[in-house]
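Below you'll find the structures, each written out as C-alpha cells.
Here chain A shows up in two complexes: once beside chain B, once beside chain C.
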Partner chain A sequence: MLLSNLGYYSLVLGLILSIFLIFYSINEIKYKLFNLKISLLSILFLQFFTVLLSFFCLIFLFVYSDFSNQIVYNNSHSSDPLFYKITGTWGNHEGSLLLWLLVLTLFIFLFNLTSKGQPKRYKLLTIIFQQIIISGFFLFLLITSNPFNYLSPIPIEGLGLNPILQDPALAIHPPILYLGYVGSSIIFSSSLAALIEKNINRDWTVHIKKWILYSWIFLTAGIMLGSIWAYYELGWGGFWFWDPVENVSLMPWFCLTALFHTIIVLEKRLILKSWALVLAIATFTLSMNGTFLVRSGILNSVHTFANDPERGIFILIFLFILIFLSIIIFFVFQEDENSINKNIFWLSKETSILVNNWFMMYFLAVVLIGTIYPIFLEVINDHKISIGPPFFHKLIIPFLIPFLIFMAFGPKLKWINDDLKKNKIKNIFILLICLLISFLIIYIKGKSYLILTILFTASFYLFFVTLIDFLNKKYNLGQKIAHFAFSIFVLSILFNSIYSTEFSANMKIGDEIKFNNGIIKFEKIETFKEKNFNSLVGSFSITDKNNNIFSLEPEIRIYDQPKIVTSEADIKTTFFSDKFLVINLIKDDDYFNVRYQIKAFMIWIWISVSLLIVGGILSLRKK
Partner chain B sequence: MKIRIIFLILISFFIFENLIAKTENELVNKISKNLRCIICQGQSVYDSNSEFALSIKLIIKKKINEGKSEKEIYSFFKDQYGEWILYDPELNEMTFVLWGLPIILFVFGGFLIFRKIFRN
Partner chain C sequence: MKKNIIYLLVFFIFAFIFFIFLNGLNESKKYIPKQVKKRFVVEFSSKDLLSNKKIFSKDYISNDKFTVINIWSSWCVPCRSEHKYLMSINQLYNVNLIGINYKDKEDNAKKFLKEFGNPFNIIFIDKNGILSIELGAYGVPETLIVNQKNEVIKKFIGPLNKRNLNEIKKIIN
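On to the complex of A and B.
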C-alpha cells in the first residue's frame, strides 16, 4: 500500500517536472520573462530519480508478492523464483512502459551530461522535444496503464507470470531492446532541434553519430536475444518467423542502419541533410509504432501478452501528434542544399551509401507493408489474409544478391570520385571462385536452385572480399568487421536452410526408431517437482550416422500458476550443427510427440550477429 | 550472343528446379510450414502440436498419397478454412497492392537516386 502510493506520486512528481522543464526551456530560449538560476542537469537527474524510485517500488511490490497491487496479482505468484519475480516487473504492459519511461529519462539526463560543448539553445530545444515525449508517456502510464492500481479485497494468491516468459534471455531482452528504441527518441529530438537551430554541421554529426551507434548496438542485441529465446523456448527450432512483433522491431533497425550510413556522408560532405532528418524521424516513429502495434492488441502474435484497445487509441493519437509536429518543423525549417560542390559522382562512396539506403528502405517497405497490410485489408474489406515467411522470402531474398555485392565493394570506393578499372581482374577472379564453390555446394547437396547458387556466390564474394580487406589497414576496422559479419550471417542462414534435417514421430518409452542413417531411442522418463512447476524429463540416446552415441534430455514443464505446459528443448551445440530435441504431450496417450532436428551452422548465426555488434562497438571509438 | 546464352542457362535452371522430387515427409513439412494453425497464436501448422495442427498434418499426408499436387492441397485448405490459413498470400485483386507496392517503391527509390546523381 505504502509502496504503491510512493510509486504513484513519484510518477506524478516526474510529470510535473516534465511540464516545468518544457516551460523553463521555452522561457530560456525565447521570452526570458523570469531569470531562474537553476541547474538543468540536476532537474533532469531528479526526474530520472522519480521514475527510478517508482520503478523500484514496483520491483519491491513484486519481490514481496504484494497482491494488493493489480499487476503483481496478474503477473506474479508467491512460488515464482525470486529472479522471475523481479523480471515479472517488466513482463507485462504497465511495467514495461515504466521501463520505457525510465530509459527515456535516463537518456535525456545522459544526453545533457555528455553534450557540454554543444550550443545552449540546441540543448534546450532537444530537452523540449524529449520532454514532450516523456510527458506523453507519463500521461499514458498514469491515465490508461497505472502500474499501481489497488485491488480490494486483497487476493491471497497471484495468477503467476506466463511461463514462457520465465526465461533468462527473455528477462533481459526487453530492457536491451528498449535501450535501442529509446535511443532513437534522442536522435529524433536532437535532429529536430538541430534543424530549427540550423545547427546541422560536422560537430553535430560527430556528436549524434554516437547516439545512433549506441541505439543501433542495443537494438541489434535486443533483436538477437529475442530471436535466441524464440529458438529454444518456442520449441520449433526456427530463429525468425516473420511474426508481426518480430517485424516491428526489425523496422526501426533498417531505418537506423540506413541512418548511420547516411550520417557518414553527412559528416564527410555535408550533403543529404534532409534525408538524414527524414530517417531520424522515421526511426523514432517506427519505434513508437512498434509499441502501438504490440500494445493495442491489433496483432495476432505470440508476444501479445497484454493489450487493450483504449491504450492503442492513446498511443495512436500521441503518435500522430508527434508525426504531425515533426513534419511541420521539417517543412518550415528545412533549407535547400545549395548545389555548389554538392554533386554526387556516380562511382563514389556517396553513391554506394545511397544504394545501401535504397535497399534498406526497400526491405523496410516489404516488412512494413507485409505487417500492416492484413490489418488494413480486414478493416476496409472485412477480408482476412495471412502474410507469413513465404511472402517475405520471395520479396527479400532475390534483392539480397545485388545488396551483398554492393556491400563488398562499396566501402572500398573513394569519396567524391573513383575509377572502376583498378583491381578489375582480381575481382572477377574472386567472383569466379565463389561461383565455383557455390555451384559445388549446391551440386553435392543434390539441390539445384538457381537463386540459391547465385545467393551463395554473392555471400561468398562478400566473405572473401572483406576477408582480404582485413590485410589492408586503410579502411575502418569496425566497418570491415560488420560487413564481414554480415556475410557470415547470410552464409550461415543459407547453410542452415539446406543442410538441416529433421525427423519427427510419436514414440513411447522403450521405442527405437531408425531415421536417415541414425537411430533414436527413447530410454525413460522421469518426474521432478520444482518450485513452481512439475517437470517431465525424457532420456533419449541417439546414434548418428558415424556411430557416435550421445544422449539428449528434453523436458516438459507443467506449471501450476497459471496452468500452462511448456516444452524445453535440449540442444547440443557444436561448431557445425545444433542437435535439437523437443518432446510434447499427446492427449490421453502413453505416446510423446518427438521432434529431432539437426540444425546446421546454427551457432554461427548468433556468432555473426555478435560480431556485427562488435563492429558497431569498434565504430564508436573512431572520431 | 553472350546474353542469349546466359538467358538460356537461366531458363534451364528454372525448369530444372521444379523437377526435383521431394520425399513425402519433406513435402508435408514444406506444406505445413505454409499453413497457419488457426487456433494458435501466430504459429504455423508445422510448429504447432495442437490437435488441430496434428489433424491438418494427417490430411496433408493423405492428400499427397492420393496424388494431389502441392497447389491442389493449398486450394483444398483455402476452400475449407478461407485464405486466412495460407501464409503465402495469393496474387489476386485483394493483394495487388501488397505484392506490387514494395516493387514500385524500389523502382521509385532507384529513380530518385538516379536523378540525384545524374541531375547535371
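On to the complex of A and C.
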C-alpha cells in the first residue's frame, strides 16, 4: 500500500519534471524570459531517479508478493521462485512500460552526460524532443496502464506468472530489446535537433554513431535472445517463425542497419544527409509502431499481451503525433545538399553502401507488408488472410544472393571511385571454388534446386572472401567480423534447412520404434515435485545410424498457478547438430506424443549472431 | 510547387494509415471465432489422398446421414491427440466422416494414417489451404458437423476432446 503510493507519486513527479524540462528548454532557446541557473544534468538525474524509485517499488511489491497491487496479483504467486518474482515485474504490460520509461530517462541522462562538447542549443532541442516522448509515456502509463492499482479486498494468493515466461533467456530479453528500441529514440531526437540547428557535420556523426551502434548491438542481442527462447521453450524446434511480433522487432533492425551504414558515408563524405535523417526517423517510428502493434492487440500472435483498445488508441495517437511532428520538422528544415559533393561514382564505397541500403529497404518493405497488409485488407474489405513463412521466404531468399555478393566486395572498394580490374582472377577463382563446393553439397544431398546452389555459392563466396580479409590488416576489424558472421549465419541456416530431420510418433513406456537409420526407445518416466510445478521427466535412449547410444530427458511441467502444462525440450548440442526431443501429454491416455528432431548446425546460428554483435562492439572501439 | 505536392502526398499517406489502424482497433474482438449459424457447406472438389482420383463433395455429403468434416494435417501436433476420437466417431453407425488434409505432404499424410489408423471414409487433399478457408476454417485441426440439409450445425475449433466426442454423439443420436 505504502509502496504503491510511493511508486505512483514518484511517477507523477517524474511527469512534472518532464513538463518542466520542456518549458525550461524552450525558454532557454527562444525567449529567455527568466534566467534560471540550474543544472540540467541534475534535473535529468532526478527524473531518472523518480522512475527508478517507482520501478524498485514495483519490484519490492513483487518480491514481497503484495497482492493488494493489481498487477502483482495478476502476474505473481507466492510460490514462484525469487528470480521469477523479480522478472515478473516486466513480464506484463504495465511493468514493461515502466521499464521502457526507466530506460528512456536513463538514456537522456547518459546522453547529456556524454555530449559535453556539443552545442548547447542542440542539446536543449534534443532534450525537448526526448521529453516529449518521455511525457507521452508517462501519460500513457498513468492514464491507461497504471502499475500501482490497488485491489480491495486483498486477495490471499496471486494468479501466478505465465509459466512460459519463466525462463532465464526470456527474463532478460525484454530489457535488452528495450535498450535497443529506446536507443533509437535518442537517435530520433538528436537527428531532429541537429536538423533544426543545421548541425549535421562530422562532429555530430561521430557523436551519434556511438548511439546507433549501441542501439544496434542491443537490438540484435534482444532479438537473438527472444529467438533462443522460442527455440527451446515453445517446442516447435524452429528459431524464427515470421510471427508478427518477431517481425515487428526485425523492422527497426533493418532500418538501424541501413542507418549505421549510411552514417559511415555521412561521416566520410557529408553526403546522404537527408537519407540518414529519414532512416533515423523511420527507425524510431518503427520501434514505436512495434509497441503499438504488439500492445494494442491489433495483431494476433503467439505473444498474447493485454488486449485493450483504449490503450491502442492512446499509443496510436501518440505515435502519429510524433510521426507528423517529425515530418513537419523534416520538410521545413530540410535543405538541399550542395551539389559539389553530390556526385557518386557508380563503383565506389558510397555506391556499395547505398546498395546495402536498397536491400535493407527491400527486406524492410517485405516484412512490413507481410505484417501490416492483413490488417489493411481486413479493414478495407473485411477479407481475412494470414501471411506465413512461404511469403517471406519466397520474397527474401532470391534477393539474398546479390546481397551476399555485394557484402563480400563492397567493403573493399575505395571511396569516391574505384575500378574492377584488381584481383579479378583471384575473385573469379574463389567464385568457381564456391560454386564447386555448393554443387557437391547439393549433389550429395540429392536435392536439385538451382537457387539453392547459387545461394550456397554466394554465401560461401562471402565466407571465403571475408576469411581471406582477416589476413589483410587494412580493413576495419569490426566490419570484417560482422560480415564474416553474416556469412556463417546464412550458411548455418542453409545447412540447417537441408540437413535437419524430424521424426514423431505416439509412444508409451517401453516402446521401441525404428526411424530412418536409428532406434528410439522410451525407457521410463519419473515424476518430481518442484516448488511451483510438478514435473514428468521421460527417459529416452536413442541409437543413431553410427550406433552411438545416448539418452535424452525431455520434461513436461504441470504448473499449479496458473494451471498450465509446458513442455521443456531436452536438447543435446554439438557443433554439428542439435538433437532435440520434446514430449507432449495426450489427454487421458498413457501415450505420449514424442517428437525427435535433428537440427543441423543449430548452434552456429547463435554463434554467428553473437559474432555479429562482437563485430558491432569492436566497431565501437574505433574512434 | 512540386515539393508541396510531395508533402501533401506524404501527409495523406500517413493520415490514411492512421485511420486504417484506428478502424482496425475497433474490431478488436474479431479474432474470437463465433458460432457459425445456418451456414451451408459449399460444394467443393479435390483429389482423393489414397486413390488420387478427382472426387466431388456432393457425392460424399449424403442426405440420410450426418457428415463430420475434419480438417487435419500430419504436421499438426494437436491433430494427433484428437485422432483417437476420430477413430471412435468412425465407429458410430450413422456418420460419414470426411477428412480434409490441410497443406500437407502426401507421403507424410499417408505415413500418419498408417501409423495411427485411418478413420476417414474419404480424404480430400487441400494442398494450398483454399478449401479449408472456403469451409470457414480458422486453423487445424477443426471439425464441422453437417446435417442432412447440408447445414453446418456445430463447429469445433482446435483438437477434439472427450467432452466434444460426447457432444457429437448426442447431436447424432
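In the analysis below, the second predicted complex is superposed on the first by the 623 of 623 C-alpha atoms of A that agree within 3 Å, B and C clash if a C-alpha of one lies under 4 Å from a C-alpha of the other, contacts with A are read in each partner's own complex, and residues count from 1 in each chain.
Operating definition for what follows: a contact is a pair of C-beta atoms (placed from the backbone, for glycine too) under 8 Å apart; a residue touches a chain by one contact, two chains touch by 3 or more.
Predicted model only: the values in this text are computed from it and were never measured.
> Under the superposition described at the top, does placing chain B and chain C together on chain A give a clash or a fit?
clash
> Could you tell me if A:154 is touching chain B, chain C, both of them or neither one (first, second, both, neither)?
After superposition on chain A, A:154 lies in contact with neither partner.
> Would you sort A:450 into first (chain B), second (chain C), both or neither based on which partner it touches?
First partner only, chain B.
> Quick one: classify A:365 as touching chain B (first), chain C (second), both or neither.
first
> Return first, second, both or neither, reflecting whether A:389 touches chain B, chain C, both chains, or no partner chain.
In the superposition, A:389 touches chain B alone.
> Determine, under the contact definition given at the top, whether A:505 touches first (chain B), second (chain C), both, or neither.
So A:505 only meets chain C here.
> In the superposed model, does chain B or chain C contact more residues of chain A?
B
> Contact-wise, after the overlay, does A:324 reach chain B, chain C, both or neither (first, second, both, neither)?
second
> First (chain B), second (chain C), both or neither: which does A:375 touch?
Touch status of A:375: second partner only.
> Taking the superposition on A as described, I'd like to know which of chain B and chain C A:316 touches: first, second, both or neither.
Only chain C; A:316 stays clear of chain B.
> Between chain B (first) and chain C (second), which, if any, makes contact with A:1: first, second, both or neither?
Neither partner.
> Of the residues on chain A, which ones does chain B touch that chain C also touches?
After superposing on chain A, chain A residues 300, 584, 586-587, 593 contact both chain B and chain C.
> Where on chain B is chain A touching in the complex?
Spelled out, the residues of chain B in touch with chain A are 10, 13-14, 16-17, 20, 29, 33-34, 36, 41-44, 46-47, 49, 51, 54, 82-89, 94-95, 97-99, 101-103, 105-106, 109-110, 113, 116-120.
> Enumerate the contact residues on chain A facing chain B in the complex.
234-236, 238, 241, 243-244, 300-302, 304, 343-346, 351, 354-355, 358, 361-362, 365-366, 369-370, 373, 377, 381, 383-391, 394-395, 399, 446-450, 453, 502, 584, 586-587, 593
> Write out the stretch or stretches of chain C touching chain A in their complex.
Interface residues on chain C, with respect to chain A: 7, 10-11, 14, 18, 20-28, 30-31, 77, 80-81, 84, 115-116, 161-162.
> Report the residues of chain A in contact with chain C in the complex, numbered from low to high.
Per the stated touch rule, the residues are 292, 296-298, 300, 307, 309, 312-313, 316, 320, 323-324, 327, 331, 375-376, 378-380, 504-506, 584, 586-589, 593, 595.
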